[in-house]
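Multiple structures are listed underneath, in structure tokens.
Two complexes, one shared chain (chain A), two partners (chain B, chain C).
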Partner chain A sequence: MRKAFPVSTALPVTGGRAAQSSLAVKVSRNGRTGPIAASTVLAGTTMSLFGISWDIQWHVDVGPDTFFTLSHLMLYSGSAVAGIASLAMVLIATAAQRAGQSVDRFPGGKPVRVLGGVFRAPLGYLITGTGAALFLLFGLLDLWWHSLYGFDAVLDSPPHIGLFLSISFSMVGSVIVFAAARDTRWGRAGVILSIPVLIVFSPITTKAFGALPLPVDPDLVGTVLFATLLLILGTLTIGRRSTALTIAATLGVLQLILWWFSPWAARVYADATGLPLRDNLGDDPPELPSGIPVFMLIAAAAITALLWLSRKRGWSGRVAPQIMGAGGGAVVGLSLPIQSALFGDSGPTSAELLKMTATGAVTGVLAGYLAARLAVLLREHATASVTKGR
Partner chain B sequence: MARVAAAVLCVLGLSVTLESPAWADATAGGDLQVAQTLGDRDLTFVLRRVTGLPGPLHVDVLTHQGTAAGTLRLGTVPTGASADRAEGSSAGTTTSSASVRLGGTPGSCSAALDIDRAGPWELVVDDGSRTARIPFVVPGQATSPPELAVFGGFVTAGVLMLMTLFVAVRARRGVWALLPAGGVVAALAVAVTAALLSTSLPLPPEPGGQVDATNDNVNDPYSVVRPVTNDYSRPPASLEMGSYPARAAERGTLRLSVADGATGLPVDDLVVHDGALMHLLVIGPTGELWHLHPVRTAPGTYEVQLRLPAAGHYAVSAEFARRGGGVQQVRSATGLTVADGSARGGSPALRAELVPRGPGTRTIDGVPVRLSAPSPTAGEASTLTARVGDTPTLQPWLGMVGHMIVVGPLDRADATSPARMGQAAQDAPVWAHAHSMGSDMSGHSAPGTGGAPAHDMAAMPHGTHANGGEAKASSMSGLMPLNGDSPADETVAAYGPDASFVYTFSRPGYYRVWIQAERDSAILTIPYLLRVSPAGGAK
Partner chain C sequence: MRSARFPLLLAVALASGRVRDHARRLAPAIVAALALVAVSSTPATAYAPVGVVHTERVKAGPYTVTVGFSEWPLRAMESLDFTFAPADGLAGKSGRLTLDGPGIDADDRETPLSRHPRKRDVWGLDVQALPEPGAWSLTFDIDGRAGHGRGTLPNVTVLDQPGPPLAISWTVCAIPLVGMLAYLAVGWRRNKPSERVAALV
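Showing the complex of A and B:
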């Protein structure tokens, strides 16, 4: 599918300017542009993740906000950083087209034509940039919501869910950007770093369904779904045997860092602003990091084993991902009640364990099904041949 | 461009402005606790925070031992002036009402009233024979200008980002895309700057606390009237007492008028401080102390029902706080003189357990009380610690674990006289009112502290000197409101049993001291006689 030679997509509007003279062309041809832009986007989304973990911990440890806190600023700046980096890449891509350059091998995913545009822009950066812009727009809705309902508004208010979805979009964009460069070392490293960020963040959105009378906590189902889906997605996209385990280990490291960072930042900031901590704080674990599945290595081992088995036995591609998903999902589902018992909740009953394992397996089938199809899309959009071998 | 912008944002976002001042929340509004002596009843009204507009105002009426059963009629009246004629038109009319049945046993009775707008309000309480009007402010939801700049900046950046994407793929000339792209950077700069400054900007004057509340400034406290000032203080107020014709052992009503010291106009800007609009202290000839909370019946007019048992002179003082100013203590220059009840003849003897004594252990109303006051010396800070009962079950009365009223110095004859204390108090140079938030934490940790409900922090730092501050915070858990929370009310019986007071007696001599604490929903008033020795001299 990779183009062996550049097909001219020069448009009639490019005029007589020589392609070589354009700064945009130079930048777009520079091999370092891809990794720099992609890692800036990842830095932005990671900032958002740390910002939200800090903010949630701040609300747990200190109280409601009466001003724009630094954790909010971190959250917003994260989106701004990701948005500006994406914007820059879109501008460079379109400027290169104006200069007569083909962008088929431009880093950041398959170039697509949007809004009836004359030029094409890389898919990954388009999604990241749109997500970041939407996030900033939802800020207005959030301000309006707080002006109606006050500062005590809950985590699952509609504007908050909109904000979380937008950040998730940006994070999905960064996965697409890195997956497009999976032939390179930085691309693969980026996939392995950006997938755990998305695994941690995406279940927050499922809190939107928390008010529904469901038999299982939708937050837990979301955790199983996204953890399993993204683990398999990463594995199938990179296609190496150790990928699942590496992603799970990265997730563990991220969890440890957040576990330390969130309460630390909340306390330091409370000190700095002269606000006291709540006086009924126990030794509860940090809110967001304690919800990240801790036994992901076991799930990753199960998925790796099932992947190995499916290749050895030659299972059909139609069912193998679902089997991998069921195995991984069951492990994650089973582990969640055990994990919350470890962190101070009451011990789970065997009925609860059974229920969560079954829920995990069913959710995992869906996750596997989706992951296989999404992985195909990610692999299709690879455009990194220009940087291959770096 | 992306890298530079990212680096700038990171640096800005993470450079924690460590010197930014405290910005504890004052305006978001906690619960309002107001003690009222309404007729024969001592009641505490807790006006819970109004969390949404329009929405309910939950009022809890807390009764004490001996509060008569009956029904109270509650009503809400908006009182705020407004520049908008339509909005101001309903001022003064009752917009909602409810009734509360008080039971015979101490406890909490609730009612819900409707509040339909932000602004100054009055809670009107009618017990059938008199009406108390409690002013309170329902805060509006205000967004500060820096907050608007932050959100405005980020939203503009978001819009311009989408616009840049659109222009980038549509415009034939690439230069056009730089226009909205530059706007993105500018909007982000505005937002980040405003966000970093938002904590350090001063708050506007608080309507109802620092300046008079109107509908307009409650809804938008940031519409600051120029010139801005930091000094909201007002002239002192004078207190005039009406005539008190009731004789000994008869019920009588004492009317009090508060007038502005500079204009003579009625003062209607008393704010709730220490859980009441006005604290009235009355000391009778036998040395009995009343700590009452007159009800506000009209602007500048307060009244309280008394039943003074003995004939003789009663000294009176009041403590109140005007809006924008500190607490003032006003002593009546005349006091009250109560004539002998014709029928009874002769003053009733003071109950034996109310005779003042020195430090030590005694029993009041069945509660053992131990006062320790190690050799108080004039000019030196003395620590008086009262252990009221044996269990940590004191209730915060007027937001405090304990109150201490000090009158003196007196000579020995006056201080011990069973019939001349009122006149002696009238002439005493010092009346003081100290508060206790629990036991003394400055020295070794006293056993039996940690009255707060058991939690992890309470168990941890006890006895460790390095963590003294933390231990203190836990033993008075809930009393000092944090970050806009509301303080614990009288239904929380979890404090004490030690109540420590630190007070510096200025001169040697005899002092009458009353310590007050609430236990089992009864206010205990324990009288003491203290001898303060001269500084540096022989005892």
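Showing the complex of A and C:
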């Protein structure tokens, strides 16, 4: 990252000969720039995810809150890390282009003209950086909201939803960054790591609809939609049959780590600050990790089997993703009430199981439709020539 | 190009030397300022004590409970602290609290009486928001040495939420989402992914 700062002195320099000596050009041509920047963004978004899970568990297990609890700081730092890395990459791309270097293959996705061409921003970093900038704005709005309402009484206040959306944008940017490098091993690994982070985080935003009188819990619909969409998106973007299973297995590992981390961090921090745990905590499972679908490997197996069948029968890409979505979505939908019962809720009725399976299948069709088209957009651009072999 | 860069590099070199000199002199001042900020911000990070600005008394069989409110009058969606103090302390007592009012979530309706996290000598609720305005009630079921007692504090009026109407807040917070969806729609129209999806699988 440090190498990025002298870029500002290179900004006014233009012309092919200058391109040879520009630091920005050297950095942009270095094969390590792409993986280092992308990993930094992923580290930031993962910090945000762990921060939110810790914070939610803190509210459940301990309670007292300020703007500067460690879990809040972890949440803020995640966006800051992702945002600074993205800003650095946008500045390097801009400076490299001004120094005469073509940035068509610059890591991070298709270069986009920003502010009438003042900046050249790789699409992934543009979206990650925009998410981080919006996080700052919504942070200020949240501070004002707390001055009116007090601290963090509800998760689904308008500024909180704005903050969650901002973090989700950063995570979407991270997927785009890695997808652009899908021809490299680190790019594919990044897609497989960044998609589970987004699967866990994105349904939080659907809590905004929680107060509406809907026939199905929007949180559950959001979980089915994002989990199915992102599984299919990852599979079709990388183009390998095993991808859905690998993503689901990674999601399971992430769930296990969050399951251990969130209550552990809440209790250690409570000990360190001399605060007691709440009375009557019971043995409820950790709040956020227990909402992550636990049967995703079965859903991924269904999606993989339907992909195999589609290829064998020669089904068109116009139809096959929706069939994969219906199968995967139905499994996720059916599994959610069973999962709730396993974690202590009352057992689901057969009518409820039927309703959630049907909701899952319908939501899955939409997820498959969107996933295929988004995969086409992601596959538009590749940065293999810059980063191949890394 | 080189002649244009030379003065620039010279200026940068001179400036960086001066900046270093300034930085050396400024360093102690910066450290002192940061220390001052750290010390002065410490109280802001401390957990606020529970302030009780209004109380009501509830008779629950043989027990008398003083209900304390951190805000009065109450407003919907505000972060509230409630304290529930039995006349002769918590020792040997347990019980349940039933909150009832408009828009309450079924999971929040009935909870065991637990000590307030920031005021451990009484029962209480912390960072509790009442979702909608209207008439609310708090019912206490208490078991202790004097047996079982049940009592209700009825008709606790909760006024409208503070701040601007919720529709405005939601509209402002939806602007980035609408912007991002519009950006996606433009990209979708330009690239027409539906035309190329057939060969994807």
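Assume the second predicted complex is superposed on the first by the 368 of 390 C-alpha atoms of A that agree within 3 Å, B and C clash if a C-alpha of one lies under 4 Å from a C-alpha of the other, contacts with A are read in each partner's own complex, and residues count from 1 in each chain.
Note that in this section contacts are C-beta pairs under 8 Å (C-beta built on N, C-alpha and C of every residue); 3 or more make two chains touch, one makes a residue touch a chain.
Being a predicted model, the structure only gives us computed values, none of them experimental.
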Superposed partners chain B and chain C on chain A - clash or fit: clash
Partner chain(s) touched by A:Ile257 [first = chain B, second = chain C, both, neither]: neither
First, second, both or neither for A:Val114, with chain B first and chain C second: first
Chain B versus chain C as contact partner of A:Leu374, first or second or both or neither: second
First (chain B), second (chain C), both or neither touched by A:Gly63: both
Dominant toucher of chain A (residue count), chain B or chain C: B
First (chain B), second (chain C), both or neither touched by A:Ala80: first
Chain B versus chain C as contact partner of A:Ala272, first or second or both or neither: first
Touching partner for A:Ala37 - first (chain B), second (chain C), both, neither: first
First, second, both or neither for A:Ala132, with chain B first and chain C second: first
Chain B versus chain C as contact partner of A:Asn280, first or second or both or neither: both
Residue range of chain B overlapping chain C upon superposition on chain A, of 7-15, 43-51 or 439-447: 43-51
Interface residues of chain A shared between complexes with chain B and chain C: 13, 62-64, 66-68, 134, 146, 148-152, 275-276, 278-280
Chain A-touching residues of chain B, taken from the complex the two chains share: 1-3, 5-6, 9-10, 12-14, 16-18, 20-25, 28, 51-52, 141, 143-144, 146-148, 150-151, 154-155, 157-159, 161-162, 164-166, 168-170, 172-174, 177-178, 181, 184-185, 188, 191-192, 194-196, 198-199, 455-457, 473-474, 477-478, 482-485
Residues on chain A engaged by chain B in the complex (per definition of touch): 13, 24, 36-37, 40, 43-44, 47, 62-64, 66-70, 72-74, 76-77, 80-81, 83-85, 87-91, 94-95, 98, 113-121, 126, 129-130, 132-137, 139-140, 142-143, 146-152, 268-269, 272-276, 278-283
Residue ranges of chain A touching chain C (in the complex, touch as defined): 9, 12-13, 15, 17-18, 59, 62-68, 127, 134, 138, 141, 145-146, 148-154, 157-159, 161-162, 165-166, 169, 208, 211, 236, 275-276, 278-280, 307, 310-311, 315-318, 320-321, 372-377, 379-380
Chain A partner contacts - residues on chain C that touch it in the complex: 1, 5, 8, 12, 41, 44-48, 77-80, 103, 111-112, 114-115, 117-118, 120, 126-129, 131, 161-163, 166, 169-170, 172-173, 176-177, 180, 187-188, 191, 193-194, 196-201
